[in-house]
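The first chain written gets the first letter, and so on, giving A, B, C and D; residue counts start at 1 in each chain.
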Amino acid sequence: MTRELTGSEAAALAEALVPGSVARTSETACYLKPEMLVETLRALRDDPAANLVHLTNLCGVDYWDHFEVVYHIQSFEKNHLACFKVEAWGREKPEVPSVTPVYHGAWMQECEAYDLFGIRFTGHPNLYRILLWEGYPGWPLRKDFLAMPGGLQPGLGEFAGVARRQEPPVKVVE
Amino acid sequence: MSGIIKSEPFVINIGPQHPSTHGVFRIKATVDGEKVIDAEMVMGYLHRSMEKLAEERTYTQNIPFTDRTDYLSSMSNNLGYCLAVEKLAGIEVPPRGNAIRVIMAELQRLASHCMAVGAFANDTGAWQTPVMWAFREREKILDIFEVTSGARLTCNYMRIGGVAFDLRPEFEPMVRRVLREFPPFIDEMEGLLSGNEIFIARTRGVGVLSPEMAINSSLSGPMLRGSGIAWDIRKADPYCGYEQYDFDIPIGYNGDSYDRFIVRLEEMRQSLKIIQQALDGLPGGPFRTEVPLALRPPKGEAYARIESPRGELGYYLVSDESPAPYRFHIRPPSFINLSALKEMTVGGTVADAIVVLGSIDIVVGEIDR
Amino acid sequence: MTPFLVSDKWYDIRDLGNLSRAILEAADRILPFGVVYVLAAVLGFVASFLLFVLPSQLFVGVYGERRIIGRMQSRLGPNRVGPFGLLQPIADAIKLIQKEALTPTQADRAVMYVAPIIFVMPAVLLWAVIPFGENMVIADIPVSLLYFLAVSSLPVIATFMAGWSANNKYSLFGAMRIVSMAISYESPLVLALLGAVVVTGTISLSGMVAWADEFNIWMAFVQPLALVIYFICVSAELNRTPVDIAEAESEIVAGYLTEYSGMKWGLFYGMDIGYALAASGFAVTVFLGGWTFFGLEQWVPGWLIFIAKTHLFYFLFIWTRGTLPRLRADQLMAFAWKFLLPLGVFNLLIVSTERMLWAEQDYAKGLIYLFALINIVLSGALVYAWARFNGYRPERTPTRPRLVKQVGGYIPIEERP
Amino acid sequence: MEGFGPSLAFWVLSALTLIAAGGVMVSRNLLHAVLFLILTFVGVAGFFVLLSADFIAMAQVIIYVGAIAVLVLFAILLTPRSGRDNGETRWALPGILLAVCLAAIFLFVVHDTAWDTVGDAPAGLDARALGTALLTTWVVPFEIASVLLTAALVGAIMLTRSPEEEAEDALV
C-alpha cells in the first residue's frame, strides 16, 4: 500500500534537505516557497531517504485570489506519495518556476497548466499553448472564464435543490 | 554515404490525418532524408475541455465524461473517477461491488491491449491481419459489456459506491468462455509476432528508453515496465481489493518497442489470472452503497489513481462542499507517456517514429480530453 | 525440335495457338504484305488484355485476393454484390470511374496524367513473350528473357513520375524509396536469372520450357536459391506487402499513390496485381516448367496447366501479404546488397562450374538430377553460412518478459537464460 | 526495311525520338528533361528492333532506361539544386560548338556510308553464342560499357554535391 505522506511529513523531508523551503503545511499537502521550489525538488529527488523520483501529477487550481500548482511526486523504492504545492498570487501574470530541469516529464503538464490557467512557468524550455491554439482568448479553466454576472454558474442553477456557489472572495475584473 | 550526399532537411507532417496516429494527432517531424532530426508534437484537435465542463456538473453526472476520455477503456476511467470521489467523500464499497469492478477493469484491460497489440502490429506493416484477429477477440469482451451495462464502448457502468447494475445470469458463462478462449489467442499472437524475424528487426532496439529517462519523464504503465521498472499500481497501491489476487508484474529488458509489446501480451495473461480468481470468489451481497444523488463531499482534496491499460490514471478532485467538483483534473497516462516521444524518435527513421508511436499506445481522446 | 503445330487441325482445342495461327495465315493471303503483322499485334494486345489482364486483375486480383486475405484475417471478404460477391470488382470499377480524379493545384499536371498510362502499358506488354501453351506465345522473340527484364523496368519510371509529380512529401518519399529499391533489387534479380540462363543455355522463354520438358526437371529444383532470390526481388520491385516500402500505408500513407484518386488510382491498383501475375507467370515459365507438367500436357491443354501454376504462384504473393510485417527501407537495402547479391554471385559460381562439368559429360541426362540434389543441399548451407558470416544469430533472448511479484524500482537485467 | 508496317514504324519512331530529344533540350525543368531522355532511349531501342537487333534493343532499354535513367532520377531526388531550371549556363557556347562538331562528323559519316539494307536476324541467337561473342571478340567494348555504368553512378553523386563541398575538395 502506498503511504500518502501528510503535509507535515512531507514538510519534514523538505525542511531537512533544504532548510527554509517550506511556507506552510496543510493536512494533505506541503506548501513550498516558489523561489526555492526547484532546489528543494531536486534535493528530494536525489536524496535516498526521500527518493521522490517520479513526478506523477502536476496541475493547477484556481482559488480566485491565487493559483496553486499541485505536484504529486512518488517514490518507487520507498513506495510513498507526497503532495507539494506552490502558490502563485495575482491574476494578471501568475508565475511559478518550472520544474522541467528536475523532472523532464513535467514539461507537457506545465504546458497544459499554462494553456488552461495562464500560469507562466519561468525557466521552461518551450512554453506554448499545447491544447489550444496561439491567440486563444483567455484561459479556459480559470473560474472567471465565461462566468455569468453575479457568480451564477451555468447549468448548476437549474439542478433541483442546488444552491448557487458563493460569491467570489475577490472581485473579478470583467 | 552521408558525408558525400547532401540532402536538405524538410518538415513532414505525420498527421493530423494519418493512418498511424490512431486519431487526430500530429507529429511535426523534421527529416533529413529518412532520418528524423527533430520531432514536435501538435495536439488538441480533440480538445473538449472536459475539466471545465465537469466543474458545472454534479459528481454523478460526471461519470459519462470519463467514458469519453479514453474511449478504449471506459470501464477503467469510470473506476478511477469513482475511486477518487469515494476517497473524497469517504464511501465504502461493498465486496461484491469491488469484485465486479475488478473483473470489469481487467476485461477492459484485455480489450484495450488487444487493440494496442493489433494496432501496433499494423503500424509495423502487417497488413491488417493482427488487428483483425485482435478485433475478433475483443468483440467477445465487448459483448460481455453490452450484456452487463447495455453499451459496448462507453459503458458508464461504475457508480459512486459500487456499480450501476448487478450482473446478469448470462455474465458468468460469457466470462468463462473468454477465459477459455483467450490463452490460445495470446499464444497465437505470440507465435505470429514475437518470434517473427521481420517484426523483431522492426521493433527491437527501436525507441529505446533507459530506466532513468523513463522515470524522469513521468512515464507509467507498460512504458515504464518495458524499461525494466517493477511498478504497478495494482500491486503498489492496491484498490478494489487487488491485494487478494495473485498475479505477477511483467517487466521488459531494455525498454525498446519490442519489450513494450511483450509486456502487454504478458499483462493479458495476468489479467486472465485475476479474472479467474475474482470470478471464482465472487461474493454475494449488495453491489452498491447508496449515495445521495447530489453528493456533497466534505471540503478537501483527493488524488486517487488506478492502473489503467495505458498506465497510471489519476483523478485529482477538489471539493468545496458543493454538489459539483471545484476542480476536476485527470492525469491522463497517454498524454504524459508522450513526453519522451521526441527522445525516442529523434535519430531513427520515419518508419521507426511510427513504430514508437504505436508502442506508446496513445488514445487521442485522452490526450486532448 | 518440337513440331510446329500440335496437330494440323486448326480446331484442335488443346491449343488456341492453332486457331489464331490459322486465322492469321488466312488473312495473310488476302491482305497486303505487312498488314498481318499489325493485325497480329493488335489481336495479341487485345487477346492478352482480355485473357490475362482483365480477368486476372478483376477476378484473381481484386476478388480472389480479397477473399483469400479475408479468410486469413477471419472475416468474410466481399460477399454482397452478385453471387458470392463475384461482381464486386465490377462494382468497384464503376465506383472508381464515377469518382472524381483530383489533381492538386501545385502538381505537375502533365506528368501526373501520363504516369498511370505509362504504368499500364508494360503490364500488358509483358504477356507478349510468356508462352502459355505450346506455340501459344504472341511474340516468340529469341531474347524474350531480356525483353521481360527490359519491359519490367519501365513501371519504376511510371511510379517515380507519379510520386514526384504529385508535389506531396509522402509521395516524394515513395518515389525516392521506389527508385532506390529499383537500383538495389535489379542486380540480384538479374543474377538469379543468369543462373537459369547458364544452365539452359538460352535466353528464350520458350527455350526454357523446352529445356524443362526435355530433361523432365524444373529449374526450381536445379536452382532453388535462384527461385528464392527471384521471389524476394520481384516482391520488392512490385511493392508487395512484406517489402512494400514505397507505398507503406502505415508510414507514408500510400507513398506515390497519396494524391491519386478515381480511376487514375484504380489503374495503379489494378495494374499492381497485373504485374504480380505477370511476374508469377514469368517465374512459372523460368523456374517451374511453364506449361508442361511431366507429361500431363499431353492430356490437358498446356495453357490450363500454365494458368493453374501461375495462380498458385500468385497465391504466394497473397500469402506473404496477409501474414508478414513490413521491413524498414534501410534494412531492405542492406538485405539486397549484403545478402542477396553475394548469394546470387555464389549461386552463379556454383551453377557455372556445374555447367562446365556437365558439358564435359556431354549433357548426360542423369547428371542434372545429381546437380539438383547437390544444389538443394548447397543452397541451404550457403544461406546458413553467409548469414553466420554476416554476424546474424537467431534471437536468443526470451520472448517472454520477466515476471516479478514485488514492486520497486529498476530491476537490472541479470544473466539472460 | 520494306513494306508498309516497318516504314510506318520507322517514321513514327523517328518523330518520337526527335521530339523527345528536342524536349530534353528545351524543357526548363530538370526532371522533365530526364523523362524526355528516357523517351529518347525508348525510341532508339525501337530503331534497333527495326534493324532486327533485338538483343541490342533490349540491352538499350535495360541499361539506359532501367539503370542509367533511374540513377539520374535518384540523383535528382537527392540533390538540393533539383529545383533549379535548366536554363542558360556559361557552358552554353562550348556546348553549341561541340554539338556543331558532332553534327558535322555525323553528316560526314552518313554521307560516306553505303546504306545496305540489313538482312534477317542471325538465326540461332542463343546465350552461348552471345556469351562467346561478348567475352572474346567484343570484350573491350563490353568492358567499356560497364565503365559507363560506373561513370553514371559517379556522375549521379557529383550532381548532388553542393558548391561548398566542391570548394572544400578543391582545397585538399
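In this section, a contact is a pair of C-beta atoms (placed from the backbone, for glycine too) under 8 Å apart; a residue touches a chain by one contact, two chains touch by 3 or more.
If you're wondering where the values come from, they're calculated on a predicted model, not measured in any experiment.
K.L.:
Shared touching chains for subunit A and subunit B?
P.N.:
Neighbours common to subunit A and subunit B are C.
K.L.:
Compute the centre of every chain as the mean of its C-alpha atoms, then state which one is farthest from the centre of subunit C.
P.N.:
Max centre-to-centre separation from subunit C belongs to A.
K.L.:
Count the C-beta contact pairs for B-C and for A-C, then tell me which is higher.
P.N.:
More C-beta contacts join the chains of B-C.
K.L.:
Compute the distance, rounded to whole Å, between the mean C-alpha positions of subunit B and subunit C.
P.N.:
43
K.L.:
How many Å are there between the centre of subunit A and the centre of subunit D, using C-alpha atoms for each centre?
P.N.:
71
K.L.:
At what distance in angstrom does the C-alpha mean of subunit C lie from that of subunit A?
P.N.:
Centre separation, subunit A to subunit C: 62 Å.
K.L.:
Need the CA-centroid distance for the pair subunit C / subunit D, whole Å please.
P.N.:
For subunit C versus subunit D, the centre distance works out to 28 Å.
K.L.:
Provide the list of subunit B residues touching at least two other chains, using ranges where the numbers run on.
P.N.:
Subunit B, residues with two or more chain partners: 215, 229-231, 236.
K.L.:
Note the residues in subunit D that touch 2 or more other chains, in rising order.
P.N.:
In subunit D, residues 78 touch at least two other chains, as defined above.
K.L.:
Can you list every residue of subunit C that touches 2 or more other chains, as numbers and ranges?
P.N.:
If we look for residues of subunit C contacting two or more partner chains, we find 407-410.
K.L.:
For subunit B, which residues count as touching subunit C in their complex?
P.N.:
Subunit B reaches subunit C through residues 10, 12-13, 18-20, 34, 121-129, 132-133, 136, 190, 192-196, 198-202, 204, 211, 215, 225, 227-232, 235-236, 248-254, 259, 262-263, 266, 349-352, 354.
K.L.:
Which residues of subunit A touch subunit B in the complex?
P.N.:
My answer: residues 1-2, 27-29, 53-57, 59, 61-62, 70, 72, 76, 79, 81, 83, 103-109, 112, 116, 130-133, 140-141, 145, 153-156, 159, 161-163, 165.
K.L.:
In the complex, go through subunit A and note every residue touching subunit C.
P.N.:
Interface residues on the subunit A side: 53, 76-77, 79.
K.L.:
Name, in rising order, each residue of subunit D that touches subunit C in their complex.
P.N.:
3-6, 29, 31-32, 35, 38, 45, 54-55, 57-59, 61-62, 65-67, 69-71, 73-74, 77-78, 121, 125-128, 130
K.L.:
Show me the residue ranges of subunit C that touch subunit D in the complex, using the header's touch definition.
P.N.:
Answer in residue numbers: 32-35, 37-38, 108, 111, 141-143, 146-147, 149-151, 153-154, 156-157, 160-161, 164, 172, 175-176, 179-180, 182-183, 186, 197-198, 200-204, 207.
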